[in-house]
Amino acid sequence: MSPGYTSEEMMVVTAARQLSSDDTCFVGIGTPSAACNLARLTHSPGITLIYESGTIGTRPDVLPLSIGDGELCETALTTVSVPEMFQYWLQAGRISIGFLGAAQIDRFANINTTVIGGYHRPEVRLPGGGGAPEIASFCEEIFVIMPHSPRAMVPEVDFVTSFGFGSGGSDRADLGLVTQGPTLVITDLCLMRPDPETKELTVASLHPGVDREQVRESTGWGVAFGADLGETPPPEQGELEVLRDLMERTAKAHAPGHGREGEGS
Amino acid sequence: MSPGYTSEEMMVVTAARQLSSDDTCFVGIGTPSAACNLARLTHSPGITLIYESGTIGTRPDVLPLSIGDGELCETALTTVSVPEMFQYWLQAGRISIGFLGAAQIDRFANINTTVIGGYHRPEVRLPGGGGAPEIASFCEEIFVIMPHSPRAMVPEVDFVTSFGFGSGGSDRADLGLVTQGPTLVITDLCLMRPDPETKELTVASLHPGVDREQVRESTGWGVAFGADLGETPPPEQGELEVLRDLMERTAKAHAPGHGREGEGS
Amino acid sequence: MPAMTSLREAIATHVHDGDTVCMEGFTHLIPFAAGHEVIRQGRRDLTLIRMTPDLIYDQLIGAGCVARLVFSWGGNPGVGSLHRLRDAVENGWPRALEIEEHSHAAMANAYWAGAAGLPVALFRGYLGSDLPAVNESIRFLDDPFTGERLAAVPAIRPDVTVIHAQRADREGNVLIEGIVGVQKEAALAARRAVVVTVEEIVDDLRAPSHNSVILPSWSVDAIAEAPGGAAPSYAHGYYTRDNAFYTEWDAISRDRERFRQWLEDEVLGAPP
Amino acid sequence: MPAMTSLREAIATHVHDGDTVCMEGFTHLIPFAAGHEVIRQGRRDLTLIRMTPDLIYDQLIGAGCVARLVFSWGGNPGVGSLHRLRDAVENGWPRALEIEEHSHAAMANAYWAGAAGLPVALFRGYLGSDLPAVNESIRFLDDPFTGERLAAVPAIRPDVTVIHAQRADREGNVLIEGIVGVQKEAALAARRAVVVTVEEIVDDLRAPSHNSVILPSWSVDAIAEAPGGAAPSYAHGYYTRDNAFYTEWDAISRDRERFRQWLEDEVLGAPP
């Protein structure tokens, strides 16, 4: 029986619920952008959204297709240069939540977006780190959003693009990092959180209709389940409506031939 | 017999004549500001004037009283932050001429604007370096403007605020500086230039009506005169008219009770 | 969201005895009203940081609030000396004043580093100057790539930064326009609190450009409306600099008694 | 004062075989017209620097102009891979491509250092990442004050920077508005020449603010009017991003033959 929402919607709604009006989020394109704007349009109208293109406090009416859409700038409180964004805003530790995607993540939440295989003769050359290495270091918390598969959830990543917890334990603090790192991984099957001691990613809740076996099969290491494992609350109708409206506006705005005019200069 | 102009006018006109439309000048308040704007209003309409408050390409109608008058910003091409001014514009070597004043200058053109006497128990505490130490290092050339007196022109300054030629010779290049340093000192008596080899300040020309003895008496070291010592050309009537108009406009604008309105915002 | 409050309340809440405080403004937008409130509240043992101390720090020093001054140019712009600063340095009146002296380039870079969350600012500077010999917070290090010797100073990280701006909106976002100085950097460098006085609090910030200099509400702790709060300096778009007062200050500040009387009449006895 | 010239002339004069070139634009104002002119003029052995190579560098790489790429994120934004970049890295087609790979923070800081005339950029970064192991231009040094380990990368100093901007006035001053990216830094970091294409050359620059992002005429070497010169990216205030082309590029670029045909039809055979 169909649950009445997609697994993408489940991820977006779940991510949105983690946010509050006090958060300043460093937002990536795609699911993170949908989640952050859903939070803004529902329970967290005061949330500050920041895109690495330099737009601060942006309130787009439709989701951007690129990290630097004009819509982001037009609806922002202000737009700063890219050096300023990385220097004054990210590096200085002013961002509470950073969202990252991953081609691979390992059991200690290290993230690979660089290469599959060896660096010099890769099997697959991925886009690379972009803002992620320093986002992972300087946002107070990192939320990772990615589909669950054994190829993506691996014992050890081929290349550490962005540091999570290294080999676990106190590795992160030992590097001099004072931020919390990846505190939450949201997949299409479950939520995972690092174990407080070992920092190994551990299943915190299963999405409705998902069982342990499915998660085990989709994870590349012998994944552990939290003692108080629960079910992730499903999306509510109100959340789905706001999200679907947003996605519909977005699709319409970005349809070929539909020129959204830049403002007059 | 009065020459028909003041010694201040002589200094300003002489300084203005050294400038061209190709110059980008880092301008200080007072005589340098008068000289740069006189150049702009006469032979060098294309000259770029930069004040350390961040105003680039400014064209004030009246001379500013402070380095950050609103007039400078209103007539500028653009105004940048003070860190940007020192980083992108001064440090990067984009300024051709920097003007400096001095409480003391020595025979090797080192400048003191910090203290007379010892640093920790000074006889006189002067305002300090401000922008000067790095202006002296990173402008292509430095012009120093100051009145000539034995207390000001000393064998060795009490404190090197801004480096000229150190102990002379190749000291400047040895420090890694690639700029020319103080190439011209304009006083109320004469022009001085560094000797090409020793870098000792040497009299290059005497202002009209000034003789060698006067300069010797007013200089704290046994000052040398250039082999081809000439007379500094006096101000021309046209220059004096433009300068006096400028000074008159300035005095009127800054008279107490004359509020120049800031532009509407 | 910052507290929208009175100037008295903002200073009482955020500026404490012994604090390190930046009140910035490069000729433009100098936070005089806030500085006077600090004097009225009798704060003591402050470390004050400012590129160009100007009259406001001369007044704070003369009023006995200041134990230590970090600065790069201590004059009355276009007029001459800061006599209260000189009296403190030369004669220890009304109390001894420790100074840490830099160049503008060093302080501008140190503010920049503070805003950027870096512990240190690296720049080309201080070559051949005697300042490094009298200021132990100036060091040098070699670029690991070229071997070039570069100057290094610690980032400026005050406890509190106090600035004046043209306006804030009712959410607490702050607009700064014109000669913007180092105010944004000074605000972002503060460890504990950012206090902003503004000419007006408005419904619409009226930022002229997408790239205007704006401090988001969540980077500010307290906002107080203080019309004329930058006078005798100026607020671009609101009022011009009172050059006559800058000249007059030379005479007022030369004489301890006259200064004390001025302080009594114009600051201590005046409402905030 | 820069030369006000044709795009063809500007590129022929300033971009030479073997040069290190930055064509910047963070999603916005990407200098496509100028990049296509570089392809038409058959430049070879270029080192290209750009935070986000985007379609324009995919096209230059596929056209065989590029020997080396310095970058921090090499994808088709919102779509997927840059297939010409991948084909060069994975298969050496049409020629081997050497890469130097950074993070955005590193490149943004390296541009900043280039603009500031510093040889090196110091920042907090690369902690725990494997990138320093595969890029020898990433080093670490200790802050002389706190001992904190900081990342260091050499300043970016290209021979030539090419950017697209909204407009220039007849004196050659250039206005950039909206998402300004690293264009100002890239321009100021150039060692030899700065080439700017603009939507229009106008009598009045119409800068919205005293603090607008402007390159003074004397910091620019050549200006060419190129209306639509940022398409299929966008120019804020002029036209929007052609998202459909970004999607279409995925199919065009996946196939070498189809790419070659596209290049023939749309670039080599098209007038500048």
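Labels A, B, C and D are assigned to the chains in the order they are written; within every chain, residues are numbered from 1.
As a convention for this text, a contact is a pair of C-beta atoms (placed from the backbone, for glycine too) under 8 Å apart; a residue touches a chain by one contact, two chains touch by 3 or more.
As the structure is a prediction and not an experimental result, all values here were calculated from the model.
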For this session: State which chains count as neighbours of subunit A and simultaneously of subunit D.
Result: C
Exercise. Pick the pair with more C-beta contacts: B-C or A-C?
Worked result: B-C
Seminar exercise, completed: For the pair subunit A and subunit B, the C-alpha centroid-to-centroid distance in angstrom is 56
Seminar exercise, completed: When centres are defined as mean Cα positions, the distance from subunit B to subunit C in whole Å is 27
Problem set entry | Euclidean distance of C-alpha centroids - subunit B vs subunit D, Å | 40
Exercise. Got the subunit C residues that touch at least 2 other chains?
Worked result: 112, 116-118, 123-124, 148, 177-178, 180, 184-185, 210-213, 236
Problem set entry | Of all residues in subunit A, the ones touching two or more other chains | 73, 79-80, 87, 91, 138
For this session: Return all touching chain pairs.
Result: A-C, A-D, B-C, B-D, C-D
Exercise. Where on subunit C does subunit D make contact in their complex?
Worked result: 116-120, 122-124, 137, 139, 141, 143-146, 148, 150, 152, 154, 177-178, 180, 208-213, 236
Exercise. How about subunit D: which of its residues touch subunit B in the complex?
Worked result: 1, 112, 115-118, 173, 184-185, 188, 207, 210-214, 216, 218-219
Seminar exercise, completed: Per the touch rule above, subunit B residues touching subunit C in the complex are 29-30, 52-55, 65-70, 72-73, 79-83, 85-87, 90-91, 110, 114, 119-120, 122, 124-134, 137-138, 159-163, 166, 171-172, 175-177, 254, 256-257, 259-265
For this session: Going by the contact rule at the top, pick out the subunit C residues touching subunit B in the complex.
Result: 26-28, 51-52, 71-75, 77-78, 81-82, 85-86, 89-90, 101-105, 108-109, 111-112, 123-131, 134, 148-149, 166, 177-182, 184-185, 206, 213, 234-241, 243-244, 246
Exercise. How about subunit A: which of its residues touch subunit C in the complex?
Worked result: 24, 46, 48, 56-57, 73-74, 76-80, 87-88, 91-94, 138
